Amino acid sequence: MTFRKSPMGPLDYHRRPLPLLVFISTLIFIYLPVITLIAFSFNDSRRNIIWHGFTLKYYEKAFANAELMLAFGNSLSIALVSTLFSGLLGAMAAYLLWRFRFRGRAIFEGAMAMPIVIPEICMGVAMMAFIARAGWPQDLPWPLNLGAITAAHIAFCFPFTAIVIRARLESFNRQLADAARDLGAAEFQIFRDIVLPHMKPGIIAGGLLAFTLSLDDFVITFFTSGPDSITFPVKIYSMVRFSVTPEVNAASAMLITLTVLVTAIALRIQNRHRMRGG
Amino acid sequence: MEPWRKAPLVFLVTLTPPGLWLAAFFLLPLSLLWAFSFGGKLGITGIDLTWTLANYARAMDPLYLGILLKSLWIAGAATLICLTIALPVALVISFAPLRVQPWLLLLIILPFWTNLLIRTYALIAVLRGNGHVNSVLEWLWQIGDGFLALAGLGSLHLLGTGFTPLALLYNDSAVVIGLVYVHLPFMVLPLYAALDRLDRSLIEASIDLGAGHGRTFFAIIAPLAMPGIASGVIITFIPALGAYLTPDLLGGPDSQMIANVIERQFKAANDWPFGSALSFLLMYVTFFGLALRSLFAGRRAGGDSA
Amino acid sequence: MPSSGAGPIIRIEAVSKFFGGKPAVDNVTLDIRQGEFFALVGPSGCGKTTLLRMLAGFETPDKGRIMIDGRDMTGIGPNYRPVNMLFQSYAVFPHMNVEDNVAYGLKIARKKRGEIISQTQEALKLVKLAGFEKKKPDELSGGERQRVALARALIMRPAVLLLDEPLSALDAKLREAMQLEMVHLQKTVGITFLLVTHDQSEALSVANRIAVMQDGAVRQVASPQELYDAPNCRFVADFIGKINLFEGVAAAAPQQNRVRISAAGIGQVELDGEVLGPVILAVRPEKIQISHEAGVQRGWIWVHGKVTDIVYFGGHSNVFVDIGAGRPLQAGIPNDRRAGMANAAPGDFVWCCWRNADTLLLPG
């Protein structure tokens, strides 16, 4: 049996030339800049235009740049702490909204949605004003100097985490809890043995989402970071403002790789369990 | 769901930490900002809470009103371009074979997992005077000029005496391009969802009754996908309106948007009350848009259930 | 547009369609005559819907061609074909009221306003929806929505109306009423109807002519009576109505045009026929009689067995008799007649008989 392309049907919009052309052009438009950015981080020329051969020297330079590496360390520390707290707070909020009916529920849900919907700039300046007014201690030793940024990151990350975990909880079959109760399990045992294992993939995926959100955030961090608490994106921003150089490309490529990797893992975890959970 | 009184301890344990965190590090800062917006500037850093409306009145100053209108215009143009691009893109994805659809969606979303700042930076490298777009254009110019010289027309300088790079960066159109680049998936996803929900036989029925593809699009597909289109327009427009980084990095001196003005009030100009007022104006516009969106969504849900 | 010529209104010439290398429609040739109510019937996945969609123009044949009203339809889009379709989901436009739905095709065809209004009224009257003009589809019941779809297609006066499983979404009572109504409607408007259905009883009750499809191919085209009484193969016999099938072997018999068949459970019988080798004996349940006493009668087949189950259906009962053929013989006994053997119960040994002439001999 030979495989042959079937003739185009009237509804095969995905095979009509005009939509297809727009689709392909769009892919080029969204991929070309990022791909060239990564490609030119390996280019052996300061002029970022013409290919002069492969080199890793800009990665070496980036790794040798103490300020950049400090910023990278700061970003990772903030992201790690944000992940842990977001996972915990998000799980609590998701469980709360999944299980309980209470007065003010709508207000609580609305407040949880706010950090997701309001413009980042507003949250950034609000945090900036808050830190200035709340008398947040300055000149703390590392890593305490990152406290303000971390607190802000957790505040805008855990609502996202809560959404992911709640979506996971929606697929929980409440009869399982009833069955456990029927078999004599107490409330805490039901939670520990039945509900929590079901939530786990949601918590992991939500935590990884929080990790990338925190790692990637620029605007809010820009307003909360001080001279001694620079994060990776803020550092790149100051480099970008200065000039377009292959070191920036190398630093950017590193960040891209990290986020894409973490997000892919998160999606995999989510999808695998969605399929299994049915 | 059960009433909280059935397990008050569990209720309190799960409510308190997220509630407190949100209150302390989100609601409190916002309230402070809100209070500032009614305050007056006192010295260099002091703020005098006078409950004045002067800051909001100042936002109506032609200078700032102009920037607000410009922000609306730039965000609107970006949204419109997103819609024009996203419609065929969503059409292609939703009519593609079922097993490739998730991959095509992933293909559209994947670049958006990379950092906003880095994507904007990548765009600079492409658009700047000696960037990739202009290099290709220059290369084409040289070929064209070479051909003319071969044809004996070189001395006429039909293509100008030298290649002048296009000014693709540091102007309004650069900001629009940047916003389109950043916000495209916000438009593609709801449009795809709307088209995917659409009953194929409605389109077939229209064609079966003699309508062409254009007529079918405007008489059947567009009206039925309207909730998705409205949703896409709003969730693209809102973040585009509040964009800070894109106009900051890609815009020229006169393509500042409202977020850049807010930033200036909090940093260079050091006028926090006015910056707070502008922030809240931006937020009110956001809430208005979101209310509009839930109105559309509500109407759709009502229509479906009936 | 009634056809001008005497030829078939639809001619399907050696049409094939492949999905992923597998044939969905496999070299089908079929003529549909002007004015008939034709049914395409077969199990799901047999290719009947694909064939219908190729007639409408939503799928393109990979091989062969389709002629409608004497015109080759190759390369002609659905919007330019003289056929209209009644969709399984009805596809009534949810954002338009009944009137706008029905008038849609005429508006596309740029008919005059007055003409559109009068024809819409007429079409709505035809499907008994006069007075529903301003209603939105979500205010209508499933049956009413189907009438809207019907009026919307019929108003185009198509050469053929294509009906894609139109009754499958309706409940049993409404379905029967609609079947009858569709037959009347078809006679009234005089348009050729081509119905696709998986429900063989629906096809039998509405169509003049039926094509039975299996695995992308047409197995038999015949009138309902002929399909039921003289199926040409095991598949058609089994698909249309209930039937008992016995595998056997045919050998030459002394007389001409006769064969001697040996089949498990039945023994040896002589029947009219010529085919030798493996064959299938088939008999409809309602042709079988049951009695407690054996009899011998020329021209009848007698078998002996044990009643295993009796299933009551109201008007008749199905009696399952184990005759040692591997699977039980099913006899449909009308319950007024069953009174005569009311004492039959599972476990009883009974005699089953039927006429030689009621026995179908099919290629094995």
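Per-chain residue numbering starts at 1, and chain names A, B and C are given in the order in which the chains are listed.
As a convention for this text, a residue touches a chain if its C-beta (ideal position, glycine included) is under 8 Å from a C-beta of that chain, and two chains touch if they have at least 3 such contacts.
None of the values given here were measured: they were computed from a predicted structure.
Peer 1: Going by C-alpha centroids, which chain is farthest from subunit B? Tell me that one.
Peer 2: C
Peer 1: Select, from A-C and B-C, the pair of chains that is joined by more C-beta pairs in contact.
Peer 2: B-C
Peer 1: Counting only Cα atoms for the centres, state how far subunit A is from subunit B in Å.
Peer 2: Those two chain centres are 19 Å apart.
Peer 1: In whole angstrom, how far does the Cα centroid of subunit B sit from the Cα centroid of subunit C?
Peer 2: Those two chain centres are 56 Å apart.
Peer 1: Show the residues in subunit B shared as contacts by 2 or more other chains, in ascending order.
Peer 2: Expected reply: 204, 207.
Peer 1: Which subunit C residues reach two or more other chains?
Peer 2: Correct list: 57-58, 77-79.
Peer 1: Going by the contact rule already set, what residues in subunit A reach two or more other chains?
Peer 2: In subunit A, 10-11 touch at least two other chains.
Peer 1: Inside the complex, what are the residues of subunit A that reach subunit B?
Peer 2: Against subunit B, subunit A makes touches at 10-14, 18-20, 22-23, 26-27, 29-34, 36-37, 40, 47-49, 85, 88-90, 92-93, 95-96, 98-102, 108, 111-112, 114-115, 117-130, 132-133, 151-152, 154-156, 158-159, 162, 187, 212, 216, 218-219, 223, 233, 236-237, 240-241, 244, 248-249, 252, 255-256, 259-260, 263.
Peer 1: In the complex formed with subunit B, which residues of subunit C make contact?
Peer 2: By the definition above, subunit C touches subunit B via 56-58, 77-80, 84-85, 87-89, 91, 93-95, 104-105, 108-109, 138-139, 149, 152-153, 156.
Peer 1: Tell me, which parts of subunit A touch subunit C in their complex?
Peer 2: Residue list for subunit A touching subunit C: 1-4, 6-11.
Peer 1: Flag every residue of subunit C that touches subunit A in the complex, lowest number first.
Peer 2: 17-19, 21-22, 57-62, 77-79
Peer 1: If we count contacts the way the header does, which residues on subunit B are in touch with subunit C in the complex?
Peer 2: That would be residues 199, 201-202, 204-212, 215, 219-220, 223-224, 303, 306 of subunit B.
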